[in-house]
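Below you'll find the structures, each written out as structure tokens.
Next come two complexes built around chain A: one with chain B, the other with chain C.
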Partner chain A sequence: MEDSFRIGEVVTSSTSRFTTQCYELYVLPPLGSLIKTREGPNDIFAVVSRAETSSLEPGRRAVVRGQNQESEEEIYTSSPHLEKLLKSEFEAIIVGHRQEEHILRYLPPRPPRIHGFVYLCSAQEVTEFTSSFEFLDLLVNTQLDIPSEELIAACLREISQNVEDKETILIQAGRYLAGILSNDTRRLKSILNRIRL
Partner chain B sequence: MSLDIEKLYQQVSHFASTLKGEAQDYQQKLSQALKLYNQANWPALRHKIENAKTSWLIARPVEDGIFTLPPAPKDYTVLATDGSHIETDRHQSISLALINIGRVLISYGQKPGATLESVPELFKKDQLIIHGEGQEQIIEGTLLGIKRTIAECSHLADMAQNAPDDRPILALLDGSLILWGLVSMGYPDFVIREMLDNGFLRQLDSLEEISRAKRLALASYISMPGSTEVTNILRVALCPYDIPDCDQHCSRIPSGQKPCDEVNGLLDRQLFLGLLAPGQRSPVFQSNSSIVKKYYGHHRVNFFYLRLEDEIGRVEMPEWTAVNSNLLELTSSALYDQCLRGMGYPVALSEAHEKAVLGAEERREFESVLEYALEEEGIPILISAKKKSKIRRWI
Partner chain C sequence: MNKRLGTVVSGSLSKGLEVRLDGEASIEDVSVGSYVTIKGEKKYFFGMISDVNLESSDPELTHAIPEAGDPFISSILNGTAAYSTLKVNPHLVISGEAAALLEGPQPVKTIPTHFSPVYLASERDIEIVFGKEDKSKFFIGTPLDMETKICLDLQEFVKRSNGVFGKSGTGKTFFTRLLLIGMLQKSRAANLIFDLHSEYGWSGTSETGGAVKSLKQLFPQEVAVFTLDEESSKRRGVKTDFTVRIGLDEIEPQDIAILKGILNMTDLAVEATYQLQQRYGQSWFSKALELDEDEAKNLNIAASTLQSLKRGLNSLKRHPFLAPQAPESAVQRILSFLEQGRSVILEFGRYRSVDIYVLIANLLSRRIYDRYREMSEEAEAGLRQKPTPLVITIEEAHQFLNPEVSSQTIFGTIAREMRKFNVTLLVIDQRPSGIDEDVMSQLGTKIVFQLDNERDIENVLAGTAGKSELRTVLEKLGPRRQAIIFGHAVMMPIVIKVREFGSKESYRELLPPYDTEKEIEDLWS
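Then we have the complex of A and B:
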């Protein structure tokens, strides 16, 4: 996916998280990747924490169709309307915002607006945002339906894809986490085990 | 809870026991009907039908035999529309109607694609009146349903006009092409003319016009049809008189003892379930209904029955589709393909229904949007006490 790629629109929004419906079915950002939207003059940054593809209409669900098809792709080409009946959505945890030129790694004053455009962050934006790891405090303390260690590790893996010196950034992040999780080494170990140097 | 299940159960139980007896009667009628159909002398029977004066509707057979459907074209486009409507009732002060049309286009084969959309249209009181012969007719109830059917057909023509012509097109409507409601409710002639000549038939004219430039067939599909026009042919076959005339010969014979009662009550779909294998169709028949004969002209309705795995569907076409062997083949094969893709019901019609349907939630939303808009304009909303009592259910 190219830099600053517009991927969808906000469909539910709150102070700490928002949900985005993708423009294209299955074109979902990876778990842990950094995305952004805008609220007034502010950019709002968030980390993808959960994704789901389901029926557009509540109460309708998919049924098996491929018994006589050669490939999964054939199911979609032989029923072209399927793509219009399904939607891909993802949830993202807000980890910071930009007010004027300042990147602030805490919650913005107001949540994003419904229908706000949502973009994948460019490599430059990722580098800029992750020049400090304070945003990890928000992820460590967020209630999710997956273990937050999974999300933090996925986020660090995604960030490291963006930089040349992968090792350095992961060591810096590891040190930061060691500081905030000094009294919970089990969680710290669980995160570090999920990051390969 | 307003339904007393205990009291109801006794009635349901009695009803079920009577059905058992009816099933035996049905088997007898069915085997008699199958025998008559298979042994019929069709040329002689056609002649007898032409002269028959019956109190019931008889189809006119156009073809002979049973047809195994060819495979559907690899590349084809199906268009379908369906509609739903809401009318504000007399318990509300504002007179309005909302017609919501679901429109579906699906292209198969090379360059597959789909468009699914819904188009709502609001009609004010003055748009819901037909003027003629110094009289006025308000469009409500059955007539509003017919107005909706005209809108479905108009949207279908619009889609057909814009559909790419690189592949054959099957345009589908749900239900019958015969607007039965117009005759059954006894509307004056100016109403029938307005709804047919300036409405439904005009849209059929447009579709026929498009079919001259593009390979386009028009059909409507009826699932679980309740018609008896073909089994009524067998009643004519059973009639001992050379020229059947119900009033003259049999008006004094009690029901159940007439010579033709041996197959009376059997539905066409029950007959064809015994005659057709999955993937086969019946011959084409012509409708002899009075409304079709009087008003439809070259759009005269023809139909055949289609055998699916567990069901018989009825497919109606205007004559210009039925008499063109290419279009007839496209209609039958593509419709069967649609049913296979849609688990027994044409997938395009099923999606058009999904886009059109106005459920309780949409109805509430419509009412609240309406109330909001009226409030914004400072127009008072008057609702009758009866309606209010249904909204607020107090003890």
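Then we have the complex of A and C:
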């Protein structure tokens, strides 16, 4: 199996979502991408729902530095300590877990532990996990800072990057969503408009 | 494997089932009148599609229509948020029930459970329901979208009076000819056919105009052709068995009574015929024509009534097949053929007017029916065997069976008394709304081709179970050779495409097997 790329560690955790701090500044997974962490023997799968880069110390804000610099990059090269003062974090919505080889697309019994390693899922894991779209139920019903349609559309776009026949997988996912959102076609259409090829 | 259509989602036995079409199945591939099977938990049901609908799960969708022609969005919404449903009427249980296993399909008394899968009926399913051709079942056609044979049990069929309806040019006559051939083969009933347009005796036309062989050519031994118009028959090369002449002394006042409207006679004039018969007996007709005003006055017949009477009778009398006395009784000749189990076709030749048709058909049928009644009564007393069942075929049936005259003509009586004396009717008509509702409800099996007129449709379906569903199917019949059959002889309503008839192969299929090649060659040469 292709190695998954380790990206950071869990810093806050709850039943439905957890926050990961990235090892490297700005090395954030894209919105909607599938990541995983572990809790005991179980893999926990989650979808990136929000990312943020801010100061390490709470309450302390960054100040402008580039007035005399030619480019943005120069700001960072001329002040190498900046990378130690800032952090990149992202939040992910838990969409399923793996128990003894079985992929279960509902919430795990326990949330991930703090300092649990967080990985980007490999192409194979994405294929495996998205062989059924039941996890979309969790996304549809989650309260977020952003409209959940944005997240779902982003997630489906990410998934489709992984396969050759993008149209088929998007139509399958769309039909599944049409089932969940059968009485709310306005929402359905706003998702479909965002994943249209 | 049968093609899966969808899933039962709701419904009732009385109103039919609602079936949600599977996402992959297209509503455009499904047609009203098609047969389906439903695999219930324990039983296997057989039904017919009676309606198709487009639905959407969210009313919003009908207001905010997705961008037209976006294949991506429509392929997602079709079958999910915007879906199709079928209305299916379950009619029979074909397996899963003890009685169905032992005795074949049974009428439904319940419906399948929620989410039972629905399939298009396979050829085998249809064969189970409509049977194979055998000694009583006759192959009449195929379902609209399949090539399986649908058979009609003709022994059962002839036990009641039946009707063939449809507007002109839809294939009524074509189908009736086929039905008569079937009856000759399978029903053991003798036929008496009043053939107004000379279509059934020697040869006829298909509705597309081609010539087809008729009964006498196909079954020379079993069929006799009688004619009113010998010259016309000769010209058409028909070998007739008897030329019918009617004696004026055979005409009775009742025969005149039903022609009242056609002959434009007053009520009093019709009344007078009864009076005249009382006074002069059998020769009343001839006497009436010679009656002068004084004699009429003695009989209390007013001058104007006498005029009306004479005008009516004279317009009948001028027909050459009427003679003061017939050389030989047509009724006797017909009866002697019928008693041997042979069928009689009476051709009208050039006498195609309604008055003649009504007069002759009514006059002959009444006497034949009387004889049948006597024979049946004698049979009841153990003096003889029951007479061979008789089927009388009449065209333009509304002339005999309209509400005004149906109680006076013999046909009204036959239709109402059903099979009491082994005589039934096969009525053919293009205006069923003209037929008395009472008579209509007595018809056992109805075969209906396309009809346009609202009232015709209404009258044909009056008193039928599942009327509104049948109406949908009936209204969608094709213009030619498509018919719906419902009633006594079929377990459930059937929509058929009438079988091919007119080619050499078709004649060969229709005939009993011949012994030698030579005979077959002779027949076709």
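Rule of thumb we're sticking to: the second predicted complex is superposed on the first by the 194 of 197 C-alpha atoms of A that agree within 3 Å, B and C clash if a C-alpha of one lies under 4 Å from a C-alpha of the other, contacts with A are read in each partner's own complex, and residues count from 1 in each chain.
Here, contacts are C-beta pairs under 8 Å (C-beta built on N, C-alpha and C of every residue); 3 or more make two chains touch, one makes a residue touch a chain.
Only a predicted model underlies this, so the values are computations on that prediction, with no experimental measurement involved.
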First (chain B), second (chain C), both or neither touched by A:Glu57: first
Touching partner for A:Arg6 - first (chain B), second (chain C), both, neither: neither
Partner chain in contact with A:Arg110 - chain B first, chain C second, else both or neither: neither
Touching partner for A:Asp184 - first (chain B), second (chain C), both, neither: second
Greater residue coverage of chain A in the superposed arrangement, chain B or chain C: C
Chain A residues within the chain C interface of the complex: 167, 170-171, 174-175, 177-179, 181-186, 188-189, 192, 196-197
Footprint of chain B on chain A - complex, ascending: 57, 60, 63, 77-81, 83-85
Residues on chain B engaged by chain A in the complex (per definition of touch): 104, 106-108, 112-116, 341, 343, 347-348, 351, 354
Contacting residues of chain C [partner chain A, same complex]: 23, 56-58, 60-61, 64, 66, 70, 72-73, 75-77, 79-81
